[in-house]
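Okay, structure first, notes after.
Chain nomenclature is as follows: A, B, C and D, assigned in order of appearance, with residue numbering initiated at 1 for each chain independently.
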Amino acid sequence: MSGNTFGSLFTVTTFGESHGPAIGCIVDGCPPGLELSEADIQPELDRRKPGTSRHVTQRQEADRVEILSGVYEGKTTGTPIALLIRNEDQRSKDYGNIVETFRPGHADFTYWNKYGIRDPRGGGRSSARLTAPVVGAAAIAKKWLFQKFGTTFHGGMTQLGEIVIPFSSWDFAAQNPFFAPTNDADVIANLESYMDNLRKDGDSIGARIDVVANNVPVGLGEPIYDKLDAEIAYAMMGINAVKGVEIGAGFASIAQRGSEHGDEITAEGFQSNNSGGILGGISTGQEIRVSMAIKPTSSIRTPKRSIDKLGNPVMVETFGRHDPCVGIRATPIAEAMLALVLMDHALRHRAQCADVKVD
Amino acid sequence: MSGNTFGSLFTVTTFGESHGPAIGCIVDGCPPGLELSEADIQPELDRRKPGTSRHVTQRQEADRVEILSGVYEGKTTGTPIALLIRNEDQRSKDYGNIVETFRPGHADFTYWNKYGIRDPRGGGRSSARLTAPVVGAAAIAKKWLFQKFGTTFHGGMTQLGEIVIPFSSWDFAAQNPFFAPTNDADVIANLESYMDNLRKDGDSIGARIDVVANNVPVGLGEPIYDKLDAEIAYAMMGINAVKGVEIGAGFASIAQRGSEHGDEITAEGFQSNNSGGILGGISTGQEIRVSMAIKPTSSIRTPKRSIDKLGNPVMVETFGRHDPCVGIRATPIAEAMLALVLMDHALRHRAQCADVKVD
Amino acid sequence: MSGNTFGSLFTVTTFGESHGPAIGCIVDGCPPGLELSEADIQPELDRRKPGTSRHVTQRQEADRVEILSGVYEGKTTGTPIALLIRNEDQRSKDYGNIVETFRPGHADFTYWNKYGIRDPRGGGRSSARLTAPVVGAAAIAKKWLFQKFGTTFHGGMTQLGEIVIPFSSWDFAAQNPFFAPTNDADVIANLESYMDNLRKDGDSIGARIDVVANNVPVGLGEPIYDKLDAEIAYAMMGINAVKGVEIGAGFASIAQRGSEHGDEITAEGFQSNNSGGILGGISTGQEIRVSMAIKPTSSIRTPKRSIDKLGNPVMVETFGRHDPCVGIRATPIAEAMLALVLMDHALRHRAQCADVKVD
Amino acid sequence: MSGNTFGSLFTVTTFGESHGPAIGCIVDGCPPGLELSEADIQPELDRRKPGTSRHVTQRQEADRVEILSGVYEGKTTGTPIALLIRNEDQRSKDYGNIVETFRPGHADFTYWNKYGIRDPRGGGRSSARLTAPVVGAAAIAKKWLFQKFGTTFHGGMTQLGEIVIPFSSWDFAAQNPFFAPTNDADVIANLESYMDNLRKDGDSIGARIDVVANNVPVGLGEPIYDKLDAEIAYAMMGINAVKGVEIGAGFASIAQRGSEHGDEITAEGFQSNNSGGILGGISTGQEIRVSMAIKPTSSIRTPKRSIDKLGNPVMVETFGRHDPCVGIRATPIAEAMLALVLMDHALRHRAQCADVKVD
């Protein structure tokens, strides 16, 4: 209820702060009998981890995951799976100068007012570092969904600032530091120089991230509130820095007519996907399509006006190690959240509807 | 868990179908001692109800609400408040011809596949009629929030198809059939003729709806999953036909630099509101700003291809009474969902943080 | 969260007060496709209803149930099932003289202190009348469990005051006004004269109720907190007037040795049932055995000392219509709660473990 | 939903198995600003830990707790508090001979049938060792409740087998290895010789444990399902080996008359406590009184009949290190569960009723 648990039947309860001794989570509700080891989880954490290119934060974290429970002789037992990641490169002193001030665009002001506590260590609990345990948990969900339904997840950055990135294939997203779904060398070079200039300016930039899921069974989603699209919106908007979420045609729907928007069905299946794979809050079996807007990082070297805890005016410049575009590392996180939503709804669906036959 | 309850501490559990005998809800968790009668609820239902202009469905429903419990001698008792609304204009036979087919863009296909049941009566449970109990429940939340914090809600249509509606004042939204926040007669006339033409075409159109809340206390929202923006996204995306949600600068954040986006703070308060009143998932005390995309109505007279339950191809034209732009009546619904989110988080906040002092 | 919802996947949310216009509930999570009509529910309500013998309250209520939603063409649709029961014999004025005082043994004192509201109408929300919607909801669970697993429920009164009632067969419980599982006419006559004397004394008495479930599948229950026995204890202790709950050997376990208590297993199955059909919080497939203590009714004519809202001493005698032994009507309620627990756990079990094969 | 989280607003999610690498929990919902360090938690764990006398298991565990998150500069921050306890004396090989058989009275049979997994390592997840994290979490709740309301907890063993232990003072419970609330040397000597004989017999025995809470504020508990007594029953029955729970007069209520049972109130307060401090599911402000029956340990050296996974008959004798009376170490666990229930309801109460004034 205090917001640190994601999901209802497949739950992920996380703990930890950016610069505390450790972060981690408890995954509850995983079906028993799934083959699982750290080797299934580590690759997803490696996709997300910092320090992998000059365009992201230089914090050095191995993000090595340890499974503490819930697995016996290589298989899940149906009991809680605890994941532990020790923080290795915490530097509390980096943040010493900001203890008494509220950094613009950050959660400092709101945490202080809500909890009466100001944990200045790298954003404390509000740091994007806390997405690591979720990515670990989602690796379990991804494996189960793939084994059960063949479900796959892909995603990438489709816009950086004003630069719209042309789509070629999700496969290319793994081949450049931006998760850009293209193998066009000019585009990548353009992104690189854009980021290099940005860093020189001491500034940051927003981005658009798209994620998709394929081979999603029809029928997932619980109307009328826990609709699949509602839960996806909740999951995505909850990712640090996300300011907007679209499903399918999204905001383009505003200018569409019904004669255009409603996806026709033939014996071969749906003929378009304006719905983004969800109708009435329930999956159609088509590709689930989600797009999101990520705001520019708030930690920048450019000075901005703010106040301290006593209300006195101050100027804030943020040094330390920060992502100049948090969107760059957001793809594996967004995939993870989508996987968690689908996993949860797969279990919820069979709780109520396991006996349904429609043939 | 089957998705028919909204909220966690201030919960609204709804029931009913578009053409069943009645719809309604149970509101649980309302603080005791609030003065409450049907007269507090009916005006909100009247704002949402059908048949109020030629631009919306002509279904005739008084949407008269009856309080069945939870109020004694004019005050809430702290026990569940049940609201009952009898359906008066149900016409099951209108839908006789669509029992065996899946209307494009509708939930027919997904409900059939999920539940093995095809309730053809006006969309059954998936009908937007089911937003009526929520609007009723939210009237209670609005009253409590206003008495407690002075919180107020406003909203309106800011785009109809390609027509961007200029903003003058939310007060004007009550003075035209579109909830348009303008008193410019030319704009209204333009909207009217646009809708008239659309009806002649047997087609439908999308819209953009904005809602805001003012005098929201700082500190509402539960990181790191039940963030206030995440919960708002969940609430809004769960409204029928919504395909996209933005908070604050929303998708415009993509092209913003950090030096522009991060809202500066001075002794006079925040100097801009790109955050939409939420930082780190917690309310800042500024205006909460939400925008959403609503797809065009799927029920149109224009024929579209589909299949029946056996997979045979059919052409579908939908007659009966439908809103050609569901966005028109969406404003009170979106306000209601925002009020429910804030109410729930106001209670959640004081559960954990009632003793916090920051002065 | 305010305590008016029972269950997690098969949920029953109730509303209403003893002397308000109506009581009822919303049942959410029922699997679709179950044949259901009022005729399935009414008989269970009739078993519980008041006024059926001279040994219970003379309040006259038909307790006629109306299904408002969730059923289409005689089958459940998977959407919420709302049950409505209008109160017919409410007499607010009966309680006029107790508005300002706290009746000993009643919830008056605690409701007043918790909510700041004193609803004197027959105990308001705390009345045992509020078990009626639950009994209705449980009729749905019972039907589904019987169709799915052949699960059956039985129960009865096994002790009235000091009188231990010898057990013959649960079938006899339906043949006397006490739900006594015996057809011994002398025993029944003894109970009748005991109750007649009690009524003359203006006093009340406690009772022991036992309930069992047979053909419960092995594997229900979620360790380590939502154990099946823990949830049964919660369900039973939540029934009005219950002060103690036992599973299997119960308090007799204290004096047992391990060599006696642990139920041996042979190829024919378990050789005893000290466990009450639950080991490690999970059903064994044996009979589930539950026993509970019910306190004497607090509403008696015998005067007792109390205070009023201002703290002044008063003497309280309670007139009106009351059960001199609330245990008499408790059997169908206890069966109902057991059915709801099993139903909920049947759905929870298959959510996580639908794929488990142990043969 | 898979049963590994206790509580609704102050939640404890545990993980771990008896002989895995570590056990622990995440405590969510703790109010911010509470002074907290390991020194507040360790003493409670020490009261529960094994190996402290010859009458309990000789497993050697320091049960050293590490706080991984949620505390900054000695105070809780309002974010999740993770507690980690490394297992130090796990001996998986002790259990090698029982992998294929189901020990009578144990959860082996039910876990196997539920999950299709047989974790033979000391009962795996079903071991009473998993109460350690809960005791740790409850230390936080106890501290908060004491600071806020002055609430205190006491408990002890009041019966061992047939030996009823006379009550002198809860203070004495800390002064003997049985948590017996007496300083009568003869009674203690009697208990010691009883246990010594039992060990020689290779057998085990049941016990009765009582726990109380004082200075509990009036008004805690959420009718009509999450009543305080219902939640206490759930908490206690969920403790390993508990088979019965009583509140206040408990099963003695059966033979009581209403004229005796209903606690009278005078200006000095309640004149008796048959209610056990709870009326209508809400705390009265009196002492909360709970009693429970604990079955004899199932792990005994005396051979008993059982079957293996293939259904073949086997004889089972359990060697290894076991408590001959699990009731001996149950007192701190029962206190812990009571503290967690009260903590959770203290937060729930103020969510809904923070504004209530009754004076």
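Keep in mind that, in the parts below, a contact is a pair of C-beta atoms (placed from the backbone, for glycine too) under 8 Å apart; a residue touches a chain by one contact, two chains touch by 3 or more.
All of these numbers come straight from a predicted model, not from anything done at the bench.
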item	value
Chain pair with more C-beta contacts, A-B versus A-D	A-B
Most remote chain, CA-based centroid, reference being subunit D	B
Gap in Å, rounded to a whole number, between the CA centres of subunit C and subunit A	46
Gap in Å, rounded to a whole number, between the CA centres of subunit D and subunit A	39
Rounded Å distance, subunit A centre to subunit B centre (Cα mean)	26
Shared-contact residues (touching 2 or more other chains) in subunit A	1-2, 4-5, 8-9, 14, 29, 32-33, 78-79, 114-116, 125, 223, 348, 351-353, 356
Of all residues in subunit C, those that touch subunit B in their complex	1-2, 4-5, 8-9, 11, 13-17, 20-24, 26, 28-29, 32-33, 68-70, 72, 75, 77-82, 84, 114-117, 119, 121, 124-125
Residues of subunit D defined as touching subunit C within the complex	1-6, 8-9, 14, 102-107, 109-116, 125-126, 130, 159, 161-162, 198, 203-208, 218-219, 221-227, 229-238, 242-267, 271, 274-276, 278-285, 293-300, 302, 304-307, 311-313, 348-349, 351-353, 356-358
Subunit D-facing residues of subunit B, complex	1, 9, 29-33, 78-79, 223, 347-348, 350-356
